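Chain IDs A, B, C and D follow the sequence of writing; residue 1 opens each chain.
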Amino acid sequence: MTFVIVSLIKIALVFAVFMTTLAYLQWVERKVLAHIQSRTGPLRVGPHGLMQPLADVLKLLTKEDLLPPYVNRFFYLLAPFIAVSLALITIAVIPFGPHINVFGISTDMQISDINVGVLFPLAIAAVSVYGIALAGWSSNNKYSLLGGLRSSAQMISYELPLTLAIVAPLLLVNHLSFRAIADGQAGYYLGFIPRWAIFQMPFPQIFGFLIFLISAFAETNRIPFDLPEAENELVAGFHTEYSSMKFASFFMAEYANIVNITCVGTVLFLGAWQPLFPAPYSNWVPPLVFLAAGILCFFHGLNPARKNDQITFPIFGVAFLALAALFAIPPLQFILAPLFWFAAKVGLLILVFIWIRGTLPRFRYDQLMHFAWTFLFPCALVNLLLTALLVALFPGNP
Amino acid sequence: MDTVLFVICAIVAIVCAFNLVLQKHPISSALSLIGVMSSLAVLYLLLGAEFMAMAQMIVYGGAVMVLFIFVIMLLNAGTEKNSNKSWFAQIAGLPLLLAFVAVVAFLIRSAVPGLKNVSFGSWWGGTAQNVGRLLFTTYLLPFEIISILILIAILGAVVLAQKEID
Amino acid sequence: MILNLWLIPLFPLLGFVVNGLLGKRLPKGAVTGIALGSVAASLAYVAYVFSQLWPLTGAHTEHYFTWINSGFLNVGFDLTVDRLSAVMLAIVTGVGFLIHIYATGYMADDAGYYRFFSYFNLFMFFMLVLVLASNLLVLFVGWEGVGLCSYLLVGYYFTEDFATNAANKAFIVNRIGDFGFSLGMFLTVFLFRTLDFGKIAATVSTMPLEAGIGVLTLICLLLFVGATGKSAQFPLYVWLPDAMAGPTPVSALIHAATMVTAGVYMVARVSFLFSHAPRAMEVVAVIGLFTAVFAATIGMAQNDIKKVFAYSTVSQLGYMFLGLGVGAYSAGIFHVMTHAFFKALLFLGAGSVIHGLSGEQDLRHMGGLRKAMPITCWTLFVASLAISGVPGFSGFFSKDEILAAAYTHAPWMFWVGAITAGITAFYVFRAWFLAFFGTYRGHHHAHESPLAMTAPLMILAFLSAIGGFINVPQWLTPLYSSAEHGNISVMVISATIGLIGIAIALFLYVIRPALAETAKNAAGPLYTLVENKYYVDEIYQGVVVAPLEGISRFLLWRGVDEGLLDSLLVNGIGRFIRKLGGLLRQLQSGSIRNYATWVLAGSLLVIFFIGLFGGVR
Amino acid sequence: MPHPHVPLSWYLILSAILFTLGAAGFLYRKSVITVFMSIELMLNAVNLSFIAFSYQLQKVDGHIYSFFVMVVAAAEAAVGLAIILTIFKNRGTLQIDEIDSLKL
């Protein structure tokens, strides 16, 4: 019975965090993009536009939900549902932290750990094509259809390098369950080089990671691979005909996919929650970071750029200091530190996503395919073969 | 718990299969087929074939059916027209089918002895390790042959699809 | 020690494959290179093998794979080298190589150059297999193979009627012989349960000498029938003269030096059988002797230079069989070798003459060529001396061996043989004189042949001059109890008779050419009889071919085939099937769904019955 | 918590039903693509029975077989769809009853 309850609690927690993340991810993206383009980004709603996501959600909810007469209704309604639900499922197998004991209940920081965990996101990704494809087809509109076709073709093409890139680290840790993989990357070479997959002997997975990242962009239809919704070519691609909440769900699905894939990448390549350097010191990193953040906030509060900064920044500062204090409490560290590291890595990857979006132009369609099949796929293959060879040569991998 | 899951999945599968047969539009058939496959994947899990379940989703649910959907969209295949050809199939089909399922069901019930009872988690044989080990030892030759076969199939598909019609 | 004997025949085979497949595209030089190279390679390899096996007292056998393994019969693909096959190997590769060189000159401006040489190489391959074979079946493979090549090469000018007819004749006549050969093999299997020479020999040695006519004799006779076919002995010799339709190198290589001696070789190979069947030996000797005389007499009256030599070949082969028959196997093989030298030389010379006269073969249109083509002339002279058994030349020794053996066996055989020697000398020199002396009676411009042709001539001339001093009989002593060595009287007599023959020829065709005519007329009907080869072909035509044709045409073809098989069986079945198909055709609606329904019904039935008979358990 | 058991025969019968439905699709559908999908359905049904039996025998071999079936099905789908494309290009129809030139 406890199992069920604990699971429910965990699900609730994860869901809440996940949703807020999704909501604020968009805010973060807009902010970062703005700063890349030396703008200020959303600033009106709430301090530093912090209330922007809420406003957006309200807007989308309250917009007229129109249903074009010429669409194939059933599929038209089904598509966004498929997209968003599949996007939200994947998080269930992601481990955020080690095995813990709280109040005598021992459990994983993970909703469920299945033996073939790694295959799960792949399976979901394989099916989640239908969301977009159906959306494109059912809206009965040539732009949407093109978008749908493009996206399904693109996803199929980029699933191969993605999968091959994922397989390589599996060879190193020799297990399919996410938790086992994360544990397999614990420890350090020479006491300071972490044994994450990208550093792990006998064949560090740096190339594998790069291939994974690139295919991840494609899988999530991000720039430079966002052809399915290339505005200037096909209006908005597969979701041209969608409005209000249905549009929002596509939107959410996209961000959810980003989070999922970055989480997977973190677990597979960046050693999940394993800290950058050994435990006793690494536990003091979060407090220091938050301390620094707090101090920075106070500094900005003291010499404000705008009028209301002198109120908001100190508040942030206090919040950060509180966080620092929280992380400084030893009994909590063993729970919070892993979460911090995990979040840090994921956040970093997401920043990379945004950064790329702010930097690169879009591919042309033939270039996209050409790149996938004639460059990325062979690279992934070679990487895999090399890994396999070296693992075979040095079985007891040091 | 098991029974509930099984019944749900079985019903979903059968309903989807019926839908496949009854729907007039290829896309709906394809979707229902995907439904069948997904529920089958769950059933595989119940039978302790976790790897197969995932493979089912990836290969069938992913690759194969996406191909189908893709082709349907590409050809923009509409709903099918009725044709009164092949009357024989129309007439003799249904009784034959019924007889078939009846006979098979009867055989399973009566003739197949000592069937186990399935309880979830009582046997985890189908882990990736086991399957892989067997695949690369006992069944290595078939495996290689199959891989060559699929390579040839890919080439054939490319050739066929590229061929210009004159 | 493994010497990979299979390499010896392999090279020519490769040559054949390359030339046969790509020859058309390859430049002529390349074709020549491949053809000669392959033969040269096997020649070199043969030399290497000898150097390894020297002094080759025993037999060196190599087993490569089991070809047939059924019941008690186990035939392996084995090759063997002993002193006998060594001699043959040397002849085949050596003389073969020379003739290849010659052919490059002779066939120089022929359209089917590559075709010719691919056939030639193929022939070499089969001949080498035949020689190396260590059991009857492998030998038979080579045997049939060379037959095939002979067919191909005789019919080389396949656009000409006479060539194709000759080819067919050669092939068919050989079939008769091979029929006997196969029967012999069957009997051998039946009797010895093996085809391996070694095993048979072992078994035979334990058997008693067969006084009457028993299985052994039968086997020997049947095998000998094969030999008569291949080696053109009476009554199956008829194909050889016609086989001259092929290019002259072919006549030299196949129909003088190598293939036709296959029969002799085969008999020598299975000598252990023959020596246990005296009756068979008797038959061999008589047939050989008869053929020798018979062919020699025909040879006297031929005007086609190649025909003359063809008949001389037949009679020389007769000599060899005489040798074998009287138990002087080594002498027979000895004669095979010397004959290979001088007869090849004769043919090549003839070829050179023909080449020089651009295709003229009739002796009556030659003459006085001594000036025009000196090398050909004098090399031919050497050959003629050799064949006429003039003391010191190769032919003398071998023939003497045979005659001596014949004398000890039965004096009358010796006398007949000696007379034949005289006749031989006469017609060979007749041909030579007619060709090179007197005045030129033709109208072509005669010219000497290129070096590619004359060089082999000279080499062969040298060989046929000194070839006699290679003491083959002694070399073969480990295999055959050495034949008794010639007593002086025999030598003297045969030599003198030979010289007399030469003298007559000289008298009739150089000193008093007119006399030849008068002699011819004096002979009258006899001459015409001889000139027409005793009408043997016509007799065969009448006695064998025509009735056979009649039976096949009217009884078998019209009656059985058309009447019974075609109308009743073939068409009847066809009609029945069509009727049946007409019924089933209704099912072929072309509608896949119907087919599927049928499949479903069938599977249902199957499952039903499985269930009915509890097949599930 | 306690697991009430499910008899394996249910799985088999389910697979039988699915197979029959696949056959029905083959017999009664008129679009080539759908017929092809029915074939896939039949294959799936067979896979299910394979895996059920391998549970019965507690051996993994059944999984291997169904794995092979899957791969072959994938190959078949690739080629088959290519063929369907070609048919459509050549005849401009996907009606299975109009593709009946293979008869006398």
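Assume a residue touches a chain if its C-beta (ideal position, glycine included) is under 8 Å from a C-beta of that chain, and two chains touch if they have at least 3 such contacts.
Worth saying up front: this structure is predicted, and the values here are computed from it rather than measured.
Asks: Just to be sure I understand the contacts, which chains border both subunit C and subunit A?
Replies: Both subunit A and subunit C are touched by B, going by the contact rule given at the top.
Asks: Averaged over CA atoms, how far is the centre of subunit B from the centre of subunit D? Could you give it in whole Å?
Replies: Whole-Å distance between the two chain centres: 5.
Asks: What whole-Å value do you get for the distance between subunit C and subunit D if each is reduced to the mean of its CA atoms?
Replies: Chain centroid spacing, subunit C to subunit D, equals 68 Å.
Asks: Taking each chain's centre as the mean position of its Cα atoms, how many Å separate subunit A from subunit D?
Replies: Distance between chain centres, rounded to whole Å: 37 Å.
Asks: Provide the C-alpha centroid distance between subunit A and subunit B, rounded to the nearest whole angstrom.
Replies: 32
Asks: Where in subunit B do residues touch at least two different other chains?
Replies: 51, 55, 63, 74, 85-86, 89, 93, 97, 100, 104, 112
Asks: At least two partner chains per residue is the criterion; list those residues in subunit D.
Replies: Residues 1, 23, 27-28, 97, 100 of subunit D each touch two or more of the other chains.
Asks: Spell out all pairs of chains that touch, sorted by label.
Replies: Pairs flagged as touching, ordered by label: A-B, B-C, B-D, C-D.
Asks: Residues of subunit C touching subunit B in their complex?
Replies: So the residues of subunit C touching subunit B come out as 589, 591-594, 596-597, 600-601, 603-604, 607-608, 610-611, 614, 616-617.
Asks: Under the definition above, what is the set of subunit D residues touching subunit B in their complex?
Replies: Within the complex, subunit D touches subunit B at residues 1, 3-14, 16-25, 27-31, 33-34, 36-38, 40-41, 44, 47-48, 51-52, 54-56, 58-61, 63-64, 66-68, 70-79, 81-86, 88-90, 94-95, 97-98, 100.
Asks: For the complex, give me every residue of subunit B touching subunit D.
Replies: Its residues touching subunit D are 1-3, 6, 10, 13-14, 17-18, 20-21, 26, 29-30, 33, 36-37, 40, 43-44, 46-49, 51-52, 55-56, 59-60, 63-64, 67-68, 71-72, 74-75, 77, 80-83, 85-86, 89-90, 93-94, 97, 100-101, 104-105, 108-109, 112, 115-123, 125-126, 130-131, 134-135, 138-139, 142, 146-147, 149-150, 152-154, 156-158, 160-161, 163, 165.
Asks: Residue numbers of subunit B touching subunit C in their complex, please.
Replies: Touching subunit C from subunit B are residues 85-86, 88-89, 92-93, 96-97, 99-100, 103-104, 106-107, 111-113.
Asks: Where on subunit A does subunit B make contact in their complex?
Replies: Subunit A reaches subunit B through residues 72, 74-75, 78, 114-116, 119-120, 122-127, 129-130, 133-134, 136-137, 145, 148-149, 152-153, 156, 159, 176.
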